[in-house]
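In what follows, a single structure is set out as structure tokens and then discussed.
Labels run A, B, C and D following the written order; every chain starts at residue 1.
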Amino acid sequence: MKKLINAPESVVSEALAGMAAAHGDQVKVIEPNVVVRVDAPRQGKVGLISGGGSGHEPMHGGFVGPGMLDAACPGAVFSSPTPDQMLEATKAVDGGVGVLQIVKNYTGDVLNFEMAEDLAEGEGIEVESVLIDDDVAVEDSTYTAGRRGVGGTVLAEKIVGAAAEEGRPLGEVAELCRKVNAEVRSMGLALTSCVVPHAGEPTFELGEGEVEIGIGIHGEPGRKRSELRPVDEILPMLVEPILRDLPFGSGDRVIAFVNGMGGTPLIELYIVYRRLVQLLDEAGIQIARNLVGPFITSLEMAGCSITLLRADDELIRLWDAPVNTPALRWGA
Amino acid sequence: MKKLINAPESVVSEALAGMAAAHGDQVKVIEPNVVVRVDAPRQGKVGLISGGGSGHEPMHGGFVGPGMLDAACPGAVFSSPTPDQMLEATKAVDGGVGVLQIVKNYTGDVLNFEMAEDLAEGEGIEVESVLIDDDVAVEDSTYTAGRRGVGGTVLAEKIVGAAAEEGRPLGEVAELCRKVNAEVRSMGLALTSCVVPHAGEPTFELGEGEVEIGIGIHGEPGRKRSELRPVDEILPMLVEPILRDLPFGSGDRVIAFVNGMGGTPLIELYIVYRRLVQLLDEAGIQIARNLVGPFITSLEMAGCSITLLRADDELIRLWDAPVNTPALRWGA
Amino acid sequence: MAVAAGDAVRWVELSADVMVAEREHLTKLDSAIGDADHGANMSRGFQAAVEKLSADSPGEPAAVFKSVGMTLLSKVGGAGGPLYGSFFMKLAEPIGGSEQLGPEEWMAALRAGVEGVKARGKAEPGDKTMIDALMPAVEALETAVAEGASFASALERSAAAAEQGARATVPLVARKGRASYLGERSAGHQDPGATSSHLLLRAAAEAWG
Amino acid sequence: MAVAAGDAVRWVELSADVMVAEREHLTKLDSAIGDADHGANMSRGFQAAVEKLSADSPGEPAAVFKSVGMTLLSKVGGAGGPLYGSFFMKLAEPIGGSEQLGPEEWMAALRAGVEGVKARGKAEPGDKTMIDALMPAVEALETAVAEGASFASALERSAAAAEQGARATVPLVARKGRASYLGERSAGHQDPGATSSHLLLRAAAEAWG
């Protein structure tokens, strides 16, 4: 394992210390490991919190700030955070009109956020939760824990963050989040495994000519292995299942998101985006907005994921609204 | 070699196509492979161009836009671009008051930009060139090609871009660029090699427990190999040579830049930044502004570099000025 | 023997030792069908539980279990945190303020703990989760107690059933938790949570047997 | 023989072939002390030069050399592009509009080409650059011509001197270009540019010998 760390145990707390030092104008870090918007709580504004295992940076801590999240709870690497983190986050951002939890659909995250919701309501704070489950690689059936939350989370946090910033009530903000989740789909692939610091070696092994299709963001193995081919031939393996699933149709407008898994250089993500444009063009789908870069990563895993969100004028307007966070910033 | 590409030959042109499609509101791509600010030329504004081999994304193309570069010339991967690219860039951005070339000090870049300067002046465009050579890992002597231009280039392009945006004349803009170069120093390390697409295999081999200190951004070997130790112990090997070189002193204010080489996850860069803060604190140096992330990369190389720019009020004001490019954006 | 507060603490200490000792093994199992953190999660959680106990020195077994439950809830995260947290919280419920637990009380406690895990995670036997070790363990304990076995032998039979239950997860296709994403590819690997559940019950047999 | 425009083109074609054939080797050499692109740069550049020549069909050797020089300048980039670009541009200068080059004219051309590389790159012999192959080559050519050797044998002696010059770069410490960053660690590796210079002169000997 080759990492710029001191010890597996101290990765999260030291990274948070660095983050607080680097972005002190936008965020503060409070005990127990919660990244909070520096001007929280905002009276009369719905608080927006999220969280999940660490190792997906910049998500979620990098999305804390005006126009996006009010707080983020980073767990240990790839482990959901704990209810006491979420409770502190909720208390820190409660502006008197309730708090929305945006939860990626993983058993651990769901269970911990459920408990946090109970705890917060015990303290008299109104809480709603919305699950993000956009990963079409996973069958949503009684034989699985349901679809995972992946790239759609980033888009949801931006759009819902803009709505909360406008002062909309909790019910509306939660409803909007459900709508985004209903309209967003993702799928990813990996060329290499990540290395979890505590494990010290790759979570899985892929041969030189292999690619893992339908990968998650935790080094969980995907649905199948395929031969590594030119990206123009590989991309349909991600895009077709997405288009089939929603189903997206000719004339639809989307926000298209090419996400890097961490180890794939930006130059390759642009080659991926070029192909995505072609494929959507062929399907008659118009890209209204786009995002290209490593935003929901899996440590140093090489690979990418594609996320498409079907967007109406309202969603596009909220996407364009100002955002001022360590990792996403425009209009501010 | 595992890359999301079609063929080594088409990497640059396809990535540029993707970039143009993704950032059409900010940049356009013209023949022969030049990334140009979408509203160029701006009459009465000094044009700012730069360029270098590809594989360092987002540099330079990601820094084209209001408040930073007017055009960027990407060469083949790790190969300096050619004079005809630079000439087209110069013509495309010339607003009648001259063009500044920001050139990283590598033999290839220097020779090609020199020829481009001759060509542009032949066309009646006033051109100045400033070399960036901030890498303290290289001895600046008659026995070397001089110091390389590395992380300082990013800071220079931002600050000089802000000055050009203010409408300052060419001579002043060039002088400011020289001042930034005089006050900036960098040093990097690598944990793994990059893989040049055409080569198909790692440029160098590093053992599991080894780190290469004083690395460049092209997979050029560094000055020495060291044992991979906790990052708190490794960081002084980068920071001390920087502080010794300028020399920075107690009471100085700096813009501190922790750069990821591509394959190192953001979580580790924050751990690096945490340690940098400690070390500068011990030296009595105040961090006025910071930048943390992969901005001048070396494909998928794992590692980081540290850049420190001694900054007065004027440089900090220019740093804070609005910038609106694909990779750096604030205030806009 | 009967289990007093100190014995309950001893169980938790032995559990922490074994989670640390088996950390790599649990990590390997979780790498194969999960995200490679179960070993780190369990050892972090039980070490924290031991520390907390030594700071608080609770007076009866139920207080020990509650303390452990709270610590696991707040320190572990992932699926393991809330599930094992609930397990320990629920262990405490049927035994109230008893100073000492005999086989009957432990039986009631374990049943409540396992039902707590079921209620929280909604897993059924055969879903390839910790339930596949815990359920046989509580059933074996109940049978042994009904047959009038000694506490030591009942604990031993319950640990053995957990071990067998954990082993029996190998061919199963996961339907809950992260491993379920793998579909058929989850078959052929032992479930990490079932494995840690066996380690827990083995530690109980050692501590109290 | 004497070198007409077609022969000059033939040289460039042979050069392109050998740059493609030796691409991996040049890449390996450049990996050791540079940035692993010299093989790709040279084959891209010479292939483009061949294409351009077949589109333009220049009428005399100087026009061939100028065309190649321009193509290398605009297609290669890196240090190699301007240096080899200057080399070919300068080859054209002493020979004006001659339809055919004999040994004397080639000697003058090569001297001018090498001086062009020196002027642009400011490298001296011993700096571990292409100069270390080019300089011995032009000197060997001059000696051979002065001794009245045949054109074929003069070309052969010049190629052999380039080869030896390239080999002799192995122990040198680089003082110019990217390899100079390595300091002492550049010793022990053959310079990629000197190697491609040898390939060029070897191709000339083959084409015209």
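Odds and ends about this structure:
Everything below uses one rule, namely that a contact is a pair of C-beta atoms (placed from the backbone, for glycine too) under 8 Å apart; a residue touches a chain by one contact, two chains touch by 3 or more.
Values in this document were obtained by computation on a predicted structure and should not be read as measured data.
Under the contact definition stated at the top, no chain borders both subunit B and subunit D. Set against the Cα centre of subunit A, the chain with the most distant centre is D. The centroid of the Cα atoms in subunit A and the matching centroid in subunit D are 54 Å apart. Between subunit C and subunit D the centroid-to-centroid distance comes to 74 Å (mean Cα coordinates, whole Å).
Subunit A and subunit C, compared by their mean Cα positions, are separated by 32 Å.
Shared interface positions of subunit D, i.e. residues touching 2 or more other chains, are not present.
Taken as a contact graph, with one node per protein chain and an edge wherever two chains touch, the assembly forms an open path, each chain linked only to its neighbours along a line.
The chain pairs satisfying the stated touch condition come to A-B, A-C, B-D. Partner subunit D is touched in their complex by these residues of subunit B: 8-9, 32, 53, 75-84, 106-108, 111-112, 114-115, 137-139, 142-145, 148, 196, 198-199, 203-204, 216, 218-221, 223. The part of subunit A that touches subunit B in the complex is made up of residues 2-7, 11-12, 14-19, 21-22, 54-55, 57-58, 62, 191-192, 206, 208, 211, 228, 230-232, 234, 262-275, 277, 290, 292, 294, 297, 299-300, 302-304, 329-332. Listed in rising order, the residues of subunit D touching subunit B in the complex are 23, 27, 31, 33-37, 39-41, 44, 73-83, 120-121, 173, 175-178, 180-183, 185.
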